[in-house]
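Each of the next two complexes has subunit A plus one more chain, namely subunit B in the first and subunit C in the second.
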Partner chain A sequence: MSDHLQLYEVFIRSRRGLDHKHVGSLHADDPEQALEYARDVYTRRGEGVSIWVVASRDITASQESDCESFYDPLDDKPYRHAAMYELPEGVDSL
Partner chain B sequence: MNDNIVALPSEEKFQARIDAEEKIEPKDWMPEKYRQNLIRQISQHAHSEVIGEQPEGNWITRAPTLERKAILLAKVQDEAGHGLYLYSAAETLGITREEMIDRLHKGISKYASIFNYPSLTWADIGAIGWLVDSAAIVNQVSLQNTSYGPYARAMVRICKEESFHQRQGYNIMMVLMQGSEEQRAMAQDSLNRWWWPALMMFGPHDGESAHSAQSMKWKIKRRSNDDLRQQYVDQAVQQAHAIGLEIPDPDLKWNEDRGHYDFGEIDWDEFERVISGDGLCNRQRIAHHIKAHEDGAWVREAMAAYDSKRRARATDVA
Partner chain C sequence: MSDNAHIAKYVLRLADDALVLGHRLSEWTSRAPFLEEDLALTNVALDFVGRARMYYQYAAELTGGGATEDTFAYTRDAREFSNLLLCELPRGDFAFSVVRQFLYDAFALPFLRELKGSSDQRLAGIAAKAEKESTYHLRRGKEWVLRLGDGTTESHQRMRQALDELWGYTHELFEVDALEEALIAEGIAVDPRTIRDEWQQTVTSVLIQATLPVPESSWSVQGGRTGYHTESLGYLLAELQFMQRAYPGLRW
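So, the complex of A and B:
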């Protein structure tokens, strides 16, 4: 790919108080342009109050194929869940 | 981006947004005092999560079973994660992690005074999980509605993870109370020592709280100290009685008219003494944090050196 039209990932905050959510991607020459394109493409009907654009090449992602070994150390710890601890009669606010 | 272009909105506009229950987000204009107030509160909250690892970490090597040890490790790991969520939320307000740590080390920034009490017995791990984490949850549930977006979102994440903490603590107490006379005495002794410091976690009475009025107006705080403390007492008394523990307060009495428990006065002199640095473990807690920070310096330096080398190599190749 040439230096032009890099891929950008677009994140939108639909309402104040909520996290930005990934909504899709687009091509643009620079971040400013990506932001304007994102506005035109993804918020035509007032979908958001704030947009983030991030060059896709700057994202480091975990690999789906490595899932098993990547998450393995976390899978055998049922004691991390509150449901493992039984409560005595009459206690309901824990 | 548009914030630079649009003329600065007035403080009234800001307050109107808060009154309408809208969240404030990092790039919004905000009064400098709101920013400073939040930095103070969130960084102290973060420090509390991290310093709180010390009294609990004290028992990891001496947990009575392998399972209890694994549970305690998982809990302390969660606390470190909660510290991270909160430091990150504070960083969105324009303060750096280094500045916050520096303020902690210099005693400018405080943390929950309860972590200045020592964890003397295994039952204290039960009492911390049950009483201290429950008190934190009562406070944090109300903070899920705080006006600053990143703080509110950190609270939602933290509350989700906390219920395991209080339950494992309560479970330690329950099992001790089903044990020998000595074990029951150990659990009761622990409750006796942690009860009042836990009540102090909610801070001074409403009329005497230095930051309360403005924080309520800005909806940084959503419920008053006394209000949260009352809810906590009502819950904890029921939980204590259910497993045969006695609350160490001769004035504790159910008040039919109010529909709440009446309880005795907190020793505010002790509260002042501990919060101003003169509790049993204040010096030890900070000294340990400074030591851990300095002992970790070589790791941070090694990572920085590795990063520079990798960048240099990438430039060579290009």
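So, the complex of A and C:
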């Protein structure tokens, strides 16, 4: 049985108005079963009002080796941060 | 018998069904085919034990005289238990537990829907809560029957065998005795005969979809409601009641 199981990533929205957050993963035979197991494994204490499950193999993820080209160039661009700018008089937050 | 004693007796039947089936389900804890199913089965087991507690607490109030939920769960012998035989059969292999649960849940859902309309407010309240759980249980059950019935040669074979072994125990679901007749007339108890068609339809349609033949065997066993049980209930109670029997009144 477990030979046929696939890995799914589970996302749960804890309250209305919030977004879905990744909470973990699980094994299941098909998406429908994954949804039910997500309910049983991750919402036992009333953690959510909505569940998404996504087959892990359908996720395209960045790699450790991408770090240099992806993120390092951002280090010297402080002007992209709000903290770079002084707030005009009368504006408390941006 | 007073009215309360009648109702208590009926409530105990529902309570015993839930406790005994819940215990059988709990026997899968740490033994299920894989982790996710282990948690799911344990969840379902807890639903049933929780349901049993609500029924037992109500039965204790109706009985009075210092009775508590524990009095019923831990200090009665097998002859005093009034659960359906279907609920007490040993858990068997995974197919057996799946089929038993499916046959029972297909009954429990329409039963609870009817019980919600009981003139007894406490029973109606318990039913409203339990109905939601049973909706989920039946959904799970249907999918497992489809998956295993229409699965591999071996899973199909095991499902067929489980069906053949269990079918004769399903007739008891729809038995009504004088006690229930009286409570049905008062609008307190559910008349299970009125939901038999729905049960048959649910079960038949899922079995056909799962490529499983609907059993035609004509044998049937009953006796659970009057305390005549299979030998397996004694073993179940020995484990369930051990602590309270060895150390009466023990708390933790």
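What we mean here is this: the second predicted complex is superposed on the first by the 81 of 94 C-alpha atoms of A that agree within 3 Å, B and C clash if a C-alpha of one lies under 4 Å from a C-alpha of the other, contacts with A are read in each partner's own complex, and residues count from 1 in each chain.
One rule holds for everything that comes next: contacts are C-beta pairs under 8 Å (C-beta built on N, C-alpha and C of every residue); 3 or more make two chains touch, one makes a residue touch a chain.
All values reported here derive from a predicted model rather than from experimental measurement.
Looking at the shared chain after the overlay, A:52 reaches neither subunit B nor subunit C.
Once chain A of one complex is fitted onto chain A of the other, the partner contacts of A:27 are limited to subunit C, with no touch recorded for subunit B. Within the superposed three-chain model, A:77 lies in touch with subunit B and out of touch with subunit C [touch as defined at top]. Of the two partners, subunit B and subunit C, it is B that touches more residues of subunit A. For subunit B in complex with subunit A, the residues that touch the partner chain are 1, 22-25, 27, 67, 70-71, 74, 78, 134, 149, 152-153, 163-164, 166-168, 170-171, 174, 235, 238-239, 242-243. Residues 33-37, 39-40, 43, 136, 139-140, 143, 147 of subunit C are the ones touching subunit A in the complex. Subunit A makes touch with subunit B in their complex at residues 13, 16-17, 19, 35, 50, 77, 79-82, 84-85, 87-91, 93-94.
Only residues 1-2, 5, 26-29, 32-33, 36-37, 39-41, 44 of subunit A touch subunit C when the two sit together in their complex.
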